[in-house]
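This is the structure, below, for whatever I ask next.
Just so it is clear, A, B, C and D label the chains in written order, and each chain counts residues from 1 on its own.
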């Protein structure tokens, strides 16, 4: 499946590029001077920027993972599609959480975020196990893909969900600031 | 037409990537807490997931078929465009069938589905006949493209159309479950 | 500019793929059984199919022309962008002409069509003159790009504009049938 | 990061292609003969053309800059995403400025334009410093990327912002005419 692998690479990149850029269509142009409208547009642009950073980030991790292999399995392809499907929903969830910060929307975003981590981990694991058998090599590759990510990351993600349930207005700031921070300071 | 063939490969992939991802724009964000709105969004997301799986599936079959050849004919290109045109209409038909399950919409989906199978078969046949002359080799390649598809598949597709006419509420479940099942259990 | 040339190839293809597929967003899903709504959707699908064929056709001619060269000039790039800009407007013009067939819309389509031919000819000429100096070779390449196009094509295009002015309801049929005919019977 | 670099090239091009073409969705088709509607569409098409030219221009400069390198750093990637994020907002800003020419919209466009120049310069500088150490070589490469751009360009851009504040109706003509002029007469 070598030919298919390089084709899936280009295909996934096209899908990610569309996810990243299509959100610009949701910005409502202000066609009559009105400060509330400008402020609301500014907020939309901010949310757009955060989604943009999140998708950019995932593109980088995704490309770094697939760089490891030159061939693939059907299973890797299915995991890739799962990951892309979840990723394509994040701009919508970010928008909903930022426009209407309630327990429901923040929890929904949190769960989607968890699903995104989970599907990406599934994908990364399938890729690494396809290529390597040596444990120490595997660790090195995971390091490349995830960067200097905290080992407590998964626990923290779960804790954040609990915060989202009880104090959605606090959790939203963590969720909104992560993508930009991750992109700029990896 | 070798250069044109590899260009058509990339072009078709771009078109399929757009078909797959553009549907996300049809999801209506919930901007005010309301359970009926959340449920309706959840339903939309489900339909989106099914369309996503269907397109992912067709991408795989399409890429597997084109992997067989390194050159092509004008006829193969025309069949490819026909296939892409029909494929681009499936998300719309899925949406209409799932939002408003009536004889008309289920039959329309069924017919589109038949057309999709038909145009893809036309394409696959043209590709295989362009490359191979030996019957047993042809069979092997068809096996690769279609997977372990039931030989009675075409008959079943026709029967399903009859079911769609008399019991649209039964047919819709078959139609909605197939894409996900095909992608996960090939 | 060799690297830039192959990049422009991929870039133009991406733009054409988007032009071709984005139109599917303009189809209005029928969410409540109503025959007038289904008929109007069927009409929209027909127009979509015609635009799809027109863009497919131009993709083929465009790819065939660029296949001739491995390098390019800044001027060729500018002509390519001009061609893409005009092409991106054809789905809109087709839609307007088919939904509301009046002298204005048919003339507008006709003029856009003329502009499309003109910008493509500009592009093709720049490509051919960049690569060849021999007249007979040039003729051969033009034959490849345009197919067995009538030498009176340009005159006919002008005559059609006159028909569009006096009898828009006749001209519209020529304009709507050409893309499909061109794609299928080249 | 060599593999990632060529992947980022294709990815950026896909994003730019989407930015360029997606704007066509904002054009409102005229479905009932009405001269004011046609005039307003003509204005929209003009604005679309200007955005198209601006994006085409940036594609060229962007591709020329990345042609210089075969490898990259994480920082170059981040600058590239910053540049793409700003670029993706220009069609919206152009639209707002042209539809509703007031001090606010013209200033907003001017600032975005400044940001676009700035992020691109950041990117170009990172690329050039990654590849070259010799000052005279650097100058030559900058010349290739920016063309025969006036050395006073940055000062002029700042002056234009002042004009936008006091006489937005004058600044708008400079802003609208630049992209086309830059593309055609470089």
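The rule we apply is simple: a contact is a pair of C-beta atoms (placed from the backbone, for glycine too) under 8 Å apart; a residue touches a chain by one contact, two chains touch by 3 or more.
All values reported here derive from a predicted model rather than from experimental measurement.
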| item | value |
| --- | --- |
| Averaged-CA centre spacing for the pair chain C and chain B, given as whole angstrom | 27 |
| Averaged-CA centre spacing for the pair chain D and chain B, given as whole angstrom | 38 |
| Numbers and ranges of chain A residues touching at least 2 other chains | 10, 14, 18, 22, 25 |
| Chain contact graph, described as a line, ring, star, complete graph or other shape | ring |
| Chain pairs in mutual contact under the definition given at the outset | A-B, A-D, B-C, C-D |
| List of chain D residues in touch with chain C within their complex | 9-10, 13-14, 16-18, 20-22, 24-25, 27, 29-33, 38, 45, 49, 52-53, 56, 59-60, 63-64, 67, 183-184, 186 |
| Chain B partner contacts - residues on chain A that touch it in the complex | 3-4, 7-8, 10-11, 14-15, 18-19, 22, 25, 74, 77-78, 81, 85, 88-89, 91-92, 95-96, 99-100, 102, 104-105 |
